[in-house]
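These are the structures, in structure tokens.
Note that chain A is present in both complexes that follow, paired respectively with chain B and with chain C.
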Partner chain A sequence: MKKKTLSQQSYQQLADAHERKRPVLMNCIKAFFVGGLICVIGQAVTVLFITFFPFTEQTAGNPSVSVMVFLSMILTGIGVYDRLGQFAGAGSAVPVTGFGNAVISAAIEHRTEGFVLGVGGNMFKLAGSVIVFGVVSAFFIATIKTLLIQWGIIG
Partner chain B sequence: MKQTKWVAVLMVFLLSGCAMFEEVGPAELAIDEDKREIITAINQKLKETEELYDTIVIAADDQILVSYKVKHMNRFKMKGIEKKLNKWFEKKYPDEQIDVSSDYKIFLESYNLIQNWTEDKLTKKEAKKKFDKIIKLKNEMT
Partner chain C sequence: MKQESTWFFQNKPSILATGVVGGPFEKQSPLAEKFDLCMDTLWMNEASFEKANRLLIDRSIQTALNKLSLHPSDIDALLLGDLINQITPSSMAARSLNIPYLGLFSACATSMQGLSLAAALVDGGFCEKVITGASSHNAAVEKQFRYPTEYGGQKPPTAQWTVTGAGFAVVGQASDEGASIATIDKATIGRVRDPGLKDPFNMGAAMAPAAAEVIERHFLDTGMKPVDYDVIVTGDLAWIGHGIAEDLLKKKGLTFSENQFLDCGKMIYAQLDGVQAGASGPACSAMVIYGHFLSLLQMGSIKRMLAVATGALLSPLTFQQGDSIPCIAHAVALSSPVSTL
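The block that comes next holds the complex of A and B.
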């Protein structure tokens, strides 16, 4: 970083004194509870699938994840999820529901540019990295696991 | 007004957890009578296993299904418990085809099967068909 001149330093001091402090702890608590609440809803969906449909605990994971993403997409579309995101921050972005939010909010943002180049081209602008890193890391993990099983190190 | 609404929502979430882990006690069912002895022995063994509660053992002519719930704090050791049980079964009953499952769905279906059986709603054939369905569900992969 470039060294600051004396006047810049004094200005920085003044700015720091008047800047509002970020309520980090409060944000963390909010994110914790809202994120946890989202996960409780997800668990409820899982239990619903187990109880009323022929899914086991193992297989119920996939449909309930997609239901949660779908729900957050709808909530983003009608503008509820943005409010939640404002209040909870990372608590609403870290669970899978954040993925649906990222997809739909990008789609809404670029709606004016047309369906193909606007919505289609920019839909995965934010969520694309999730898919890319998810697929890549899944590929490597699966490769390692397959090799380990082949060599008989793990069952 | 707003506060009571939130409290109500919270209560629903908290209490809904209870339904899944409600204790119903051990149960066993022999669709074919000649397996009665084996499943009683198995259920006895499961009762002695401390980490488990609510055990169900169902036997048909060629297959035995064992399902149980694991106590909450022991759920981290679920795989180990399953392995231990499998080993025990292999040693004690090497000729039997025994399936072990800690899955809630398997437990639920088995429980329903036993309930229907004791209420005489099922014929032997229907019960067997249902039993085969549960086994199939158990072996299903993601």
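The block that comes next holds the complex of A and C.
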């Protein structure tokens, strides 16, 4: 990266003096509660699947995630999720509902360019890097785990 | 190169009429009554946000022409721009108007770039009547520069809200005293300034040095002082950038009285919810200057103003590639046609 010149550095100081800071502590508190609430709802869905359907604690994860993503898509479609996102920040971005929002918002946005070039081509514009780095890191973690088991370091 | 870079117009090019159109959110603006028309939805019954941007241009130009009972064929040149890739909304509006067309790009400084050039064309005798203006559409700009409209990303308090709307002016020679809304006296064309900032969510801070540079140079070239203007208004520096610009100018010995140094980006939404640091977009300065300030000049409640539109010349590509944001500002000096006697 190009180094900043002296005048750029002193300007940065002036700009910093005027900048409005993110209310980090407040944002963290909001994110904690909203994120936590989303997870509580997710847990409730899981319990429902275990109680009323033939799912176990191991297998109830996938249908629960689907339901949460579906709910987030509905909220995105009716224009609520972006408002929630502005309020909650990471609280609504980190859970799987945030992933659903990233996919569906891009799909809605690019509907005007048609189904193939628009929706299909742009749906994973934001979520694509989540998938790529999720798969890549899963590969490395799995490789490390396999090696550790082979060498008898972990059981 | 000659010492002075400010253009002094000799033959009193004037603004004869304006057309200002806003979007649904702009209806809530404290200045809304100064706009000719506000659309009800962001889609405006068009098939895409980009087409809605074109519609804003159409409506705004038509409003201005109607006020003078002119036909597009009476106009000699069309100077306009917007923020969308390759300024297609502007070009598509020009397609149906059939007026000789020059597309402009100075991002949010396009309004005053257009007004300077229009005044020069009229002053130099090359054109009798010129239409100039700028437009932007919030959702189309978000889509291109930021995230999808419905994406739940959190915007920092330094972010600015892109205005949906268009502001246009018909520039020509006033046939008689009453025909003119404002006289265009001088124009100072900006130089690109890049303070090295890279955050596209803090563009006011990036643009402030460009605004300060062009304002300082305008006073240097013209020998005028801040007291010679009733109002000095910047385009879309908003709450953060405007404070920085005021500090930069104070360091150069240029100080302003209260309510003399204003900013369209602070005024258009005042403190409406959700706009964070204020407004931005080519329509911001175009709507507030052509809608609000020109009516003040026409009535004579302000005599002289310096309109400084500010633009951040970034693209989605350059900020992803880690480039800092180059910025520009153009200043136009306007005066009231009402006799000062």
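As a working rule, the second predicted complex is superposed on the first by the 124 of 155 C-alpha atoms of A that agree within 3 Å, B and C clash if a C-alpha of one lies under 4 Å from a C-alpha of the other, contacts with A are read in each partner's own complex, and residues count from 1 in each chain.
We adopt the following convention: a contact is a pair of C-beta atoms (placed from the backbone, for glycine too) under 8 Å apart; a residue touches a chain by one contact, two chains touch by 3 or more.
Owing to the predicted nature of the structure, the values given are computational and were not obtained by experimental measurement.
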item: Fit or clash between chain C and chain B when superposed on chain A; value: fit
item: Touched partner set for A:Q8, first chain B, second chain C, both or neither; value: second
item: Which of chain B and chain C A:P63 touches, first, second, both or neither; value: neither
item: Chain A residues touched - chain C or chain B, whichever exceeds; value: C
item: Geometry of the superposed three-chain model: angle at chain A (Cα centres of chain B and chain C, steps of 10 degrees); value: 160
item: Which of chain B and chain C A:V40 touches, first, second, both or neither; value: first
item: First (chain B), second (chain C), both or neither touched by A:G121; value: neither
item: First, second, both or neither for A:P54, with chain B first and chain C second; value: first
item: Overlay on chain A, chain C to chain B nearest C-alpha distance, Å; value: 20
item: Common ground on chain A, meaning residues reached by chain C in one complex and by chain B in the other; value: none
item: Chain B residues touching chain A - in the complex, by the definition given at the top; value: 13, 16, 20, 103-106, 108, 137-138, 140-142
item: Parts of chain A lying in touch with chain B, wherever the complex brings them together; value: 37, 40, 44, 47, 50-51, 54-62
item: Contact set on chain C toward chain A in their complex; value: 47-50, 143, 147-158, 195-197, 202, 205, 208-209, 239-241, 243-244, 247-248, 274, 277, 322
item: Residue ranges of chain A in contact with chain C within the complex; value: 1, 4-5, 7-8, 11-12, 14-15, 18-23, 27, 76-77, 79, 81-86, 88-90, 92-93, 98, 101-102, 104-106, 108-110, 112, 126
